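Shared chain: subunit A. Partners: subunit B in the first complex, subunit C in the second.
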Partner chain A sequence: MSPLLSIARTGSAAILLSPLRSTVTVLAVVAVLVPYLVGIGMVEGLRQEARIAIGVGTPAGEELLPDLYVAANQFGRRVPIPLILAEAIGKFDGVTRVVPRIVGRITLGKDNVEAVLVGMPREELHRQGSTVQQLTRLVDGELPGSRHGEGPQLVIGSGLARKLNLEVGAVLPPIFRSDGGEKTPRVTGIFQSDISPWQSRMILTTFESAADIFGQQELATDLLVFCRRGQPEAIRSRILQSIPGPSTERATSLQPSVTSRTDLESLLPAGLGHREGVFNLLFVVAFAVGILVILVTSGFGRSGRRREIGVLKATGWQTDEILVRSLSESMLLGLASAAIAILVALVWLEWLNGFWIAGIFLTGVETQPAFQVPYVLAAQPAALAALVACLLVTTGSAYSTWRAAVTSPAEAMR
Partner chain B sequence: MFQDSSTRLMSLIAILVIAAGTAVGCYRQPVSARAADAAGFQKLVGGLGFGSSVELSTCAVQFDPRLGVICNAHTGPIPAGSLLCPGCGRFLFSFSPRPFENLTGSSATHHVPSP
Partner chain C sequence: MNSGILEAESLSRVYHPGTSSEVRALNGVSLVIPGGGYVVLAGPSGSGKTTLLSLLGALDRPTSGHVKFSDRKLEECSDVELARQRRRMGFVFQDFSLIPRLPVWENVTYPQIPRGLSAVKRRQAADGVLSRLGLAAKADVPPEELSGGEKQRVAVARALIGDPEVIFADEPTSNLDRRAATELAAILQEINAGGTTLVVSTHDTLLVESASRVFTLEDGRLVDEAA
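Then we have the complex of A and B:
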């Protein structure tokens, strides 16, 4: 074994010589790294979910999600869009179909639990439901099929089911009053908890029932436009130019707004990337504070450490050999800290399902999330964590070691 | 005695590093079955959900930018006004409240004069 490797190997013995200092150092680094790894893991997981939600990577020729989302604006704010526009857009060349959708906010129960009510046309729900390979993997129960004027049938999110203690077949107190009197909503299904984070507070019902609940007939939140391949941009231009037409009196003052997949795709780096950068910046500050912490913790057993270095120097060790030994010790501590941090982050995200921390980063999520928290433990942040851990420990302990190493053995052993 | 202990410590650190590497190798990509289920769910609801919020009480833009172009709590000229929104304030995942004209895609909002 080369002399340098032999010296480096004594680094592991140095860790054992001051176990308290080593333990505190590892804990300090792990405390800094774990929230970083968990946060970055969640942002990557959510990015993957968001890509699925906008249909990025959809195989060519497979119609999964709409190509365009048409909404209406008035006074610079979103307003409902008249259904009559769906018929006009449906006649455009290249449009395969137009599906109206209602998305609205409602509260349920005596605690006013927040929920997102989504209404899709009955035929569309059953059409899409029939194309899903295993519907039971998505919904425990059945899809809603209620018509206008009937009691609404609902598929509710896993978070709502847990919070309101609801099961399939349960009935809710009337949440609206129609012309035909009070209608009692019935739960026909519950979304499986592991399909998406956004299902947690969602209520899916038919378009007709959603219109009844909100008391808004002939209106939708947005129109989902499916186009032939290569046509979306041309159709978007046509919608913006010709909608609203002169014959649609109610729609004359509306400004159409068309969102395409390209727009949503560009939001991913713009939104997630920018904020992720801010998050990283904050952790740069945390790492800087971590160096100071390690610097302070390296003071644990400082007199003992000085004596140890003094003895080494008295027995013939050179300053550079002592520094190599200290570097080896720091690298081993850094590697161990990074490895422990990665494993703790994995346990927190996988087995504890982001307990508490998911509620910090995601709005509307309980301490114990009612859905499978999405995450990806990417190699890049893990490698960065290992590098930062080694740098932290090395920077934090190098100065005190060097100060002790350059003093005379007699002075160091005093 | 220290020789044995230091060897054991080196072995322990090696095991930890290998375990962490294996964990990253196994969990560096989302589970494909979950991705298929997520795609099925999105088909049912027509593509909904995109941001850091799972409900609409705080900020609809943070739930899904398809539902609105700007945050309702955005205070405009006040410096860091967007941070007053509890949805946008979740700095990790928030989208900057910006109009679609500024996106890299072609213009999405268009004013049509009333006839």
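Then we have the complex of A and C:
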């Protein structure tokens, strides 16, 4: 066996020879790595969810997802868009359909629980193969608008259901008045918990009910424009050039804003990259603190370790051989720490569903998330964690080992 | 001065020089240790025996003076060369200095690891030395399970494993009961009889009586030399 390999093998034995020091070191590294892995894992999970939601990779004109999102601006601010524009855009060549949508914030219950109310046309909710249709496969109960002639029907997120103690069939206190008098909304469905965080506090209803709830008739917050293959860019230009036009006089002061799916794809990395950047910044701080922690923890049994190095030198070990032994020990400790950290992060995200930690990283999420926290533990951050763990342990222990190794054996053993 | 395997010339060692806690542990000591001899460094506690032993055994560097080992001046050696010189020596420490939790046979052969010997060969070598010292049955137990006398014999086995030219022993019987001390004295005599030079620091009369030469130290100075 080569001398180097023999020395390296003593590094693994050294881990067991100092169990307290090894345990404290591993715990310190795991404490630094787990929040990073969980944070990055959730960012990746959110990125994946967002990519699915905006249909990254779906060719334009595939009918499953809108190709263009049209909103209106006035005085430089986002304002509701009149439905009359939907009719105008629907007549453009290459446009297959235009779906008006209402997305707004409301508060419910005596605790003013915030929720996002989404209203879509009834026929869109029930269209075979539509995005909403795909999404509603995850619903317990039935879709809004399944029964005619009844009051507003709502499908609510599991987070809301839990918070407000609502079940399918529950009647909400009147939340609006209309010309027809007071209307009592009924919960017809609840999103299952294993869906994305966006739906945890979402209320889905028909366009008409949403318009009633917000008291805004003939208006939408945005229009979803579906185009034929290869047409979206031309239609986008046409919308920007000809809206508002002669047939839309009532909306002459509005400026359309058109966002294509490609725009959303390019915005996605920027938004999540910012969050990722915050994690990375936090991690740099944690890394610096980690080195200090390891320096302190390497003090556990330091006198014993120093003495041990003195004995090794007294019995003929060279300084470089002692450093190789220490390096091997640090690498193994680092790899073990990284493996444990990855395992803990996995358990925390998968089995504990990001209990407590998801609330730290994701705004507005409760201690016990009501939805399946999305995560992807990719190879790259896992490899980075292993590298960082090795660096942490090596950096933390290198100085004390080197000091002991270059000291005379008599001094080290004193 | 006759030539020996080890020679010390005007050897001084000052700890924390130039500070209020300065200690002159050794002051101008010169001596010659003949090859194959059994030399005892005697003297009361704090007389400089351990310091002299450390300097002779290349475990420390003198503040001034020279140590020659087989005609090579140790203060001129690089760190790597000093390590090579130490491989020609063996050490038995007062507190045994065994590595906790490591089985006896591994403790004994730890100095041989950087030489790239396989575990099988190291085990064979350890078994040979441990049998010679009556510890064959203890090869697989950690030092924590041994008595003081057994630990010191393991330390002797570790010193012997590299077939050294000189063995240094620092107060080897001070932590042992009388019976264990007598056994150890016999072992050291047997090792010396095999041609290995022994340098022992002690004030134990049992070991002093066995020596072929006794150097007595007091306050860091050599005050007597007796054959």
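Here is the rule we use: the second predicted complex is superposed on the first by the 391 of 414 C-alpha atoms of A that agree within 3 Å, B and C clash if a C-alpha of one lies under 4 Å from a C-alpha of the other, contacts with A are read in each partner's own complex, and residues count from 1 in each chain.
In this section, a residue touches a chain if its C-beta (ideal position, glycine included) is under 8 Å from a C-beta of that chain, and two chains touch if they have at least 3 such contacts.
It should be emphasised that the depicted structure is a prediction, and the values quoted were computed from it without experimental measurement.
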{"item": "Partner chain(s) touched by A:P3 [first = subunit B, second = subunit C, both, neither]", "value": "second"}
{"item": "Contacts of A:T262 with subunit B and subunit C, given as first, second, both or neither", "value": "first"}
{"item": "Subunit B or subunit C, by number of subunit A residues touched", "value": "B"}
{"item": "First, second, both or neither for A:R307, with subunit B first and subunit C second", "value": "second"}
{"item": "Which of subunit B and subunit C A:N165 touches, first, second, both or neither", "value": "neither"}
{"item": "Which of subunit B and subunit C A:L125 touches, first, second, both or neither", "value": "first"}
{"item": "Which superposed partner A:I15 touches (first subunit B, second subunit C, both, neither)", "value": "first"}
{"item": "Subunit B versus subunit C as contact partner of A:E233, first or second or both or neither", "value": "first"}
{"item": "First, second, both or neither for A:E411, with subunit B first and subunit C second", "value": "second"}
{"item": "First (subunit B), second (subunit C), both or neither touched by A:T315", "value": "second"}
{"item": "On subunit A, the residue positions that both subunit B and subunit C contact, one per complex", "value": "10, 13, 16"}
{"item": "Residues of subunit B defined as touching subunit A within the complex", "value": "2-3, 5-7, 9-10, 12-13, 16-17, 19-20, 23-24, 27-30, 34-60, 62-69, 86-87, 90-96, 98, 100, 103-106, 108-112, 114-115"}
{"item": "Touching residues (chain side subunit C, partner subunit A) in the complex", "value": "54, 57, 59-61, 79-80, 83-84, 86-87, 91, 93, 97, 99-102, 106, 110-111, 113-118, 158, 162"}
{"item": "Parts of subunit A lying in touch with subunit C, wherever the complex brings them together", "value": "1-3, 5-7, 10, 13, 16-17, 304, 307-308, 310-321, 406, 408-411, 413"}
{"item": "Residue numbers on subunit A that touch subunit B, as the complex places them", "value": "9-10, 12-13, 15-16, 39, 42-43, 45-46, 48-50, 52-55, 64-66, 69, 71, 73, 77-78, 99, 101, 103-105, 114-116, 118, 120, 124-125, 128-129, 131-133, 135, 137-138, 143, 159, 191-192, 194-202, 204, 221-222, 224, 233, 236, 240-241, 243-244, 246, 252-260, 262-267, 270-272, 274-276, 278-279, 282, 332, 335-336, 338-340, 342-343, 346, 350, 360-365, 372, 374-379, 382"}
